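Listed after this line are the structures, all set down as C-alpha cells.
Presented sequentially are two complexes of subunit A, the first with subunit B as partner and the second with subunit C.
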Partner chain A sequence: MNASTLLTAMLPEHLLLLGILLLIVLEIGARKPREFLWVTLVTVFAAAFAAARLYVSDYAAAPFPGQFSVDPAALLGKATLLGLTLPAVLIAGGEFRGPRFSILLLSSVYGACLMLSSDSFLTLFLGIELMSLPVYALVLLAMGRPESAEGALKYLILGGAGTASLLLGISFTFGSTGSFGLAAFGAALAGGDTMARAAVVLVLLAFYLKAAVVPFHAWAPDAYESASVPVTAYMATVIKSAVLLAAVRMFAGTEVPASMVVLLAGLPLLSMVWGNLTAMRQESFRRMIAYSSIAHAGYLFFAFLGPAQGRYEAVIFYVIAYGLMNLLAFVCLPTGEDATRDRLDNLKGLFGRNPYAAVLIAAAMLSLAGIPPFPGFVAKFLIFRNVIDAGYTGWAVAGLIGSYLGIYFYLRVIQYMFMSAGEEAAAATPSRAWAFAASLCCLLPVILLTIFPGWLLDRL
Partner chain B sequence: MDNTQLLLALSTALFAIGLAGVVIRRNLLVMLMCMELMLNGVVLSLVTLSQQAASTTGAVLVFLVFVVAAAEIAIAVPIVLLLARRKRTLDMDAFTDLKG
Partner chain C sequence: MSEAAMLNWVLFLPVAGMAALLLVPRLRADLVRGLSLAVMVLQFLLTVVLYLEFDADLGGLQFETRLPWIADWGVYYHVGLDGLNILLVLLTAFLGPLVVAGAFSAIQKDVKLFYSMVFFIQFAMLGTFVAQDLFLFYVFWETMLIPMFLIIGIWGGERRIYATLKFVLYTAFGSILMLAAVIYLVWSLKSQTGITSFAFADLYGTRLPLDAQVLLFGAFALSFAIKVPVVPLHTWLPDAHVEAPTAGSVILAGVLLKMGTYGFIKLGFPLFPEATAVYTPVIMVLAVISIIYGACLALVQDDIKKIIAYSSISHLGYVMLGLASLDLLGIQGAIIQMVSHGLTAGGLFLMVGMIYERCHSRDLAAYGGLAKLLPVYSVFFMVLTLAAVGLPTTSGFTGEFLVLMGAFNAAWPQYEAGVTWPLVLACLAVLGVVLGALYMLRLAQHFLFGESKAPHQPLADLNLREKAILALIVVAVFWLGLFPDSFMRKTELGALEYQQQVMSRPAGSWVSVEPAGGSAP
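Now for the complex of A and B:
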C-alpha cells in the first residue's frame, strides 16, 4: 500500500470528504446559502467524473487489502450513484439552501460509495450505516411539515432493526466460516449447517429491509411522503441502487442454491404484486412512487436468481434506467407548497399548463411501467431473461404478470395530465432554472439510453 | 451444552426479545430500548464467537457497533423529543398522520 494507490483508488471518496470539510469551513465562516449549493454540486460532479474516469481506464487496486478494493465494476457503480445524486442536488436548489442538507447528503453518498467498494463485512456495515444515518436526519429536514418527524422515526426504528439483523447475520457468518470477508457470504450460502442458513437469512432480511421489499416495506411510504421532494428522489434512487449494487458485490460469483430460491423469489414476487396493487389507490405522487419503488425492488432481487455473470449487467442497467426515469419524474413535478405539490390532483391538466414537464413525466411513467421503446423495458427484459436462463421459467412468468399489474397506475398519471381538465388554480408557474437544469441533466442520458441501449450493454 | 452454545443461545434470545419488543410495544422509548437490546444480543454473540476463534477483528466490529448504536440514539432521541412535544404522548399509536 503506497500513498499514490491510496490517493487514486479512493479519489471519489476523497473528493466527497474534501467537499464536506469545505462545507463545514464555509459554515463556520457563515457564507451565503447559495455558495453551499455550488460547493455541493461541484463536489458531486468532480467525484462522479473521477469515478467515471477511473472506470474508463479500467483501474483496479486494493488500497486496504481485505477491506477495501476498487475494480471497474465498483467504479461504474459509484459513477452511477454520484451521477444520480446530481439532479437531486439540483432540485434542492429551490428548497434547501443551508449547509445542513449539503453536508448530510454528501456524507450519505460517501457511505454509499464505501459500500460498493467493501471487501469485508466491517466495511460493508460501516458503509450501510454511514449511508442510512444522515438520511434519517434528511427526512427530518422537511421541518415545516409536522408529520416529517413521524416518518423519520418509523424509518429509524425499522432501519435500526435491519442493522441489528445484518449484524447478527455477520456474526453467524463468522461463526460458521471463520471469516469476516465478503466472500464468506458465498461460502455460507453454499454451506448447509444451521448457522450458515440462519446467517444467510438474517443478512438477506436486512437487505430486504433496507431496499423495502414486502413485508419489510412499512417504513418506505411514510418516509418517502414525509421527506421533501429532493430527499425522496434521493432515497428512491440512490439509496435503493446502492443497496442493490452492494448485494450484487456480496453475492459475487455464487449461484443461488435451490433451498434459498423460495426466499429469493417468493418475497420479491410478493413485493411486486403488493407494491403495484397498493400504488393504485394512492393520492400522493410521492406515496405512489414509494409503492412503485417497492415493486421495483422486487424486480431487482429477481436478478439474483439468474446466473452469476449476468447479474451485475442486469442490475446496473436496471439501476441506471430506473434511477434516471424516477428522477426525471421528480424534477418535472410542478412547483408549489412542498406538502401539496405532489397531490395527483395537481397534475390534472398539466399538459395544458406546462407541456414540457407533462411529456417528460409521461415518458418516465411509461419507462417505469416497462413499455417497449423506453430503457425500462430493456432493463426488465435483461432481468427476466436471466431468470429464464437459470431455468426458473415459472417464477419468471409469475414475475412478468406481477410487473405488468403496475401499468394501471402509471397510465392513470398520464390520463390525469393529458385528459383531465385542470382546475386552473395556479397560473403557469415559470419553470425555474434549477429544475430545468436538473431535467436536462436526466433527459440527455435518458435519450442516449433510449436510442442506444446496446452502447451501454456492450461496455458492461 | 458447553459455554459457547449457552452464550450463543443467550445472545439469540436477547435479539429475539428485542425484536419482539420493537414489533409489539407501542411506547417510543421502550421501542428504542428494544432496538438497543437487539444490538446487545449481537454484541454478545460477536464477542463469544471471536473469543472462540481467537480473532481480533470481531472485537473491532464490536467497537464499531457501539459507535453506530450511539450515533443512532443521538438521532433518535431528538426525533422522539419533537414528537412528544407536539402530541404530548409517547404512544406510537397516536402518530398516525401518515396513512395509505
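Now for the complex of A and C:
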C-alpha cells in the first residue's frame, strides 16, 4: 500500500470527509446558512465526479487488502449513489439551512460508499452503521412535528434489531467458515450445514430489514412519512440502493442454491404483493412511496435469483432508474407546509397549476409502475429476464403479476393531477430555483435512459 | 430522402409534432389546432407516398430500417412495411387528421395537452404496426396505454375515471402475462441456438414443445384478445367507448382494436403454429360468439355510442374468424374488414360526436326524425350505416363477404371429411350479418326517421369542416368497396407468407438457418 493508491482509490470518500470537516469548521465560524448548502453541494458533486472519473478509467486497487478495495463496479455504484444524493441536497435548499443536515447527510453517504467497497464483514458493518445512524437523526430533524419522534424511534429500534441480526449472522459465518471476509458469505450460502444456513438467514434478514422487505417493513411507512421530503427522498433512493448494491457485492459470484430459493423469492414476492396492495389505500404521498419502495425492494431482491453474472447489471440499472424516477417525483412535489404538503389531495388539479411538475411526476409514476417507454420498464424487464434465464419461470410470472397490482395506485396519482379539479386555495406557488435545478438533475439522465437505454446497458 | 428513411419520417412526425406543440403558448388554442392538423395531413400525405411506392410483387419487408438499440440484448430498432401492416398504417395515418379536425370544436379544455396526446398515441400505434422486433413492439404496445388513459380520463364523460382505469387495468393485465411469454420465448431461442434476438424473423424459427407453445400462445392470445376484444373479455370496451371523447372513441374503434387482431396475425399465430392448430376451434367459436353476442347486445342498447361499441365487437369477430380460417381469401378479407371497420365505426363515432355537440344527449329515445331537421347529416349517417351493415359497393361488404367465403372455403373440405362444426360456425356467422342489419337499421330508424324530435331545437346542420371530414370517410368507404382489388393486391403476398408460416410445420430443422438479427452469444 502506498500513499498515492490510498489517495486515489479512496478519493470520493476523502472528498466527503473533507467536506464534513470543512462544514464543522464553518459552523464554528457561524457563517451564513446558505454557504453550508453550497459546500455540501460542491462536496457531493466533486465526490460523484471523482467516482465517475475513476470508473471511466477502469480503476481498480486495494488500499486495504482484505478490507477495502475498489473496482469499476464499486465505483459506478458510488457514482450512482452520490449522483442520486445531489437532487436530495438541492431540494433541501429551501428547508435546511443549518449545518446539521449537511454534516449528517455527508456522513451517511460516506457510510454508503464504504459499504460498496467493503471486502470484509467488518468494513461492511462499519459502513452500514455509519450510513444508518445519521439517518435516525435526519428523520428527527423535521422537529416541528411530534410524529417525527415516533417515526425515528421506530426506525432506530428496528434498525437496531437489524444490526443485531447482522452481527449474529456475521459471527455464525465466522463460526462456520472461519473467516470475516465477504467471500465467506458465498461459502456459507453454498455450504449446507446448519450453522452456515443460520448465518445466511440472519445476514439476509438484516438486509431485508434495512431494505424494508415484508415482514420487516413496518418502520418504513412511519419513518418515510415523519421525515421531511428531502430526507424521505434520500432514504427511499440512496439508502435502499446502497443496501442492495452491498448485497450484490456480498453475493458476488455465488449462485443461489435451490434450497434457498424460497427464502430469496418468497419474502420479496410477498413484499411486492403487500407493498402494492397497501399503497393503494394511502392518502399521503410519502406513505405511498414508502409502500411502493417496499414493493420495489421485492423486485430488486428477485434479481438475486438470476445467474450471478447478470445480477450486478440488473441491480445497478434498476437502482439508477428507480432512484432517478423517485427523486423526480419528490423534487416536483408542490411546495407548502411540510406536514401537509404531500397529501395526495394536494396534488389534485396540479396540471392546471404547474404543468411542468405534473408531467414529470406522471412520468415518474409510470416509470415506477414499469410502463414503457420509461426506464423503469427496462429495469423491470432486465430483472425478470434474469429470473427466467435462471429457470424460475413460475416465480417470474408470480412477480410480474405482483407488479401488476402496483399499476393502479401509480395511475391514481396521475388521475389526481390531471383529472380532478384542484382547490383554488392551493393556487399557484412559485417554483423555486432549487427545485427546478434538482428536477433538471434527474430529468436529463431520465431522457437519456428513455431513448437510449442501450447506452448504459452496453457498458455494464 | 432515401426510401427506407421515409417510414421513419412518418413514424416520428408525431413526435416532432409534440415537440412543436411544446413551443406554442398554452392559450393559443387556434395555433395548436392548426399546427396539429398540418402535421397530421403531412403525415398522411407521406404515408400515401409510401403506400404507392410499396411494391406488391415483393415479399418480405420494405422500407426497412434496422439499427441497434440495446445491442447487448440483441434489441434492434427494426421497422418495416409488409403486406400485413401496410393497410393498417394507411388507415392510421388517414384517421389521424380526421381525429384532429373532428376535435376542433369538441375539445376546449387543455387543448395543447389533448393534441400532444393524440400525437403520442398516433406515434405508439404506428410504431406497434411497423415494429419488427418483439421488444420494440412490446414497448409501443404498452406505451399506447398512457395517452389513451389520459384522453379518456381527462376529456371523457361523467364516469370517465372508472372507464379509463378499467381500460388500462384490463389491458395491462394481458400485457403483463405477455411480457413473461416474451421473455420466455427469447430465452428459449437463446438456449436452442445461442442467439439472443428479438427479431420476429428469428423468433418465427423457434420450435418449442407443444405444451410450452400452448402456454405461451395463451399468454399472447389473452393480451391480444383483450384488445380486440373477444367475448368474454370485452367488458371494458362499452365503458371506454361511451365515456371517451369523440376523438378517443374514433381512435379506439378505428385503430386501437386492430392492434389485437394484428397481434394475432403478426405474432400469435405464426410464432406458435402447433398451438394455433390446438386453439383454432376455440378461437373460431369465440369469434362466432363475439359476432352474435355483440350483435344481440347492440340490438337492445339505448345509448347510441353503446350500439356502435357493441357493433365493433361483432365486426371484429369477423376479423378473428377470417384470421383463424387460414384461408387466403379469409385472411385478406380480415385485413380489409379491419380497415373497413376502422372507417365505418370511426365515421359513426365522429357523427355521434357531432350530434352530441349540438344536443348533449346520446340517448336514442331523445332523438327522432333527424332526416328532416338535419338532411345533410342524415345522408352521411345513412351511408355509413349501410356501410357498417355491409351493403354491396361499400367496404363493409367486401370485408364480410371475403371473410365468410374464407370461412366456408376452410369448412367445406372438413365437412366432406365428416367434421361438421366448422360449417355450422360459418353458417352461424352469416346470421351475424342479418343481426347487423337489424341493429343498425333500428338505430337509423329511431334516429333519422319517425317523429321529428331532438333535445335542442333548432339545430344547425353540418358545417364545412364536418362535411369535409365525413366526405373523406365516405369516399374511402366506397373506394374500398368498389375497387378492393388494388388494396388486396398489396396484402396478397403478406397474407400468403402468413398462411405458409402458420400452416407449415417443418419437423426436420428446428430453427431457421440464417438469423435475421441479434448478437452472437
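What we mean here is this: the second predicted complex is superposed on the first by the 460 of 460 C-alpha atoms of A that agree within 3 Å, B and C clash if a C-alpha of one lies under 4 Å from a C-alpha of the other, contacts with A are read in each partner's own complex, and residues count from 1 in each chain.
What we mean here is this: a residue touches a chain if its C-beta (ideal position, glycine included) is under 8 Å from a C-beta of that chain, and two chains touch if they have at least 3 such contacts.
The structure displayed is predicted, hence computed values, not measured ones.
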Worksheet item: Is A:384 contacted by the first partner subunit B, the second partner subunit C, both or neither?
Response: second
Worksheet item: Thinking of the overlay built on chain A, is A:174 touched by subunit B (first), by subunit C (second), by both, or by neither?
Response: first
Worksheet item: Which of the two, subunit B or subunit C, is in touch with more residues of subunit A?
Response: B
Item to complete: Tell me which partner A:396 touches in the superposition: subunit B (first), subunit C (second), both or neither.
Response: second
Worksheet item: Touch check for A:24: first (subunit B), second (subunit C), both, or neither?
Response: neither
Practice prompt. Determine, under the contact definition given at the top, whether A:418 touches first (subunit B), second (subunit C), both, or neither.
Written response: second
Practice prompt. Please work out whether A:56 is in contact with subunit B alone, subunit C alone, both, or neither, and reply first, second, both or neither.
Written response: neither
Practice prompt. Figure out whether A:262 sits in contact with subunit B (first) or subunit C (second), or with both, or with neither.
Written response: neither
Fill in: Overlap of subunit C and subunit B interfaces on subunit A (superposed complexes)
none
Fill in: Sites on subunit B touched by subunit A in the complex
8, 12, 15, 18-19, 22, 28, 31-32, 35, 38-39, 41-42, 45-46, 49-50, 53, 55, 57-58, 60-61, 64-65, 68, 71-72, 75-76, 79-80, 82-83, 86, 95, 97-98, 100
Worksheet item: So in the complex, which bits of subunit C are touching subunit A?
Response: 26, 68-73, 75, 110, 113, 138-140, 142-143, 145-146, 149-150, 153-154, 160-161, 165, 168-169, 172-173, 176-177, 179-180, 183-184, 186-187
Discussion item. Applying the document's contact rule, which stretches of subunit A touch subunit B when the two form their complex?
Written reply: 121-122, 125-126, 129, 133, 136-137, 140, 146-147, 149-154, 156-157, 160-161, 163-165, 167-168, 170-172, 174-175, 178, 180, 221-222, 225-226, 281-284, 287
Response to the item:
The residues of subunit A that touch subunit C in their complex are 351, 355, 366, 371-373, 377-378, 381, 384-385, 388-389, 393, 396-397, 400-401, 403-404, 407-408, 411, 414-415, 418-419, 452-454, 457-458, 460
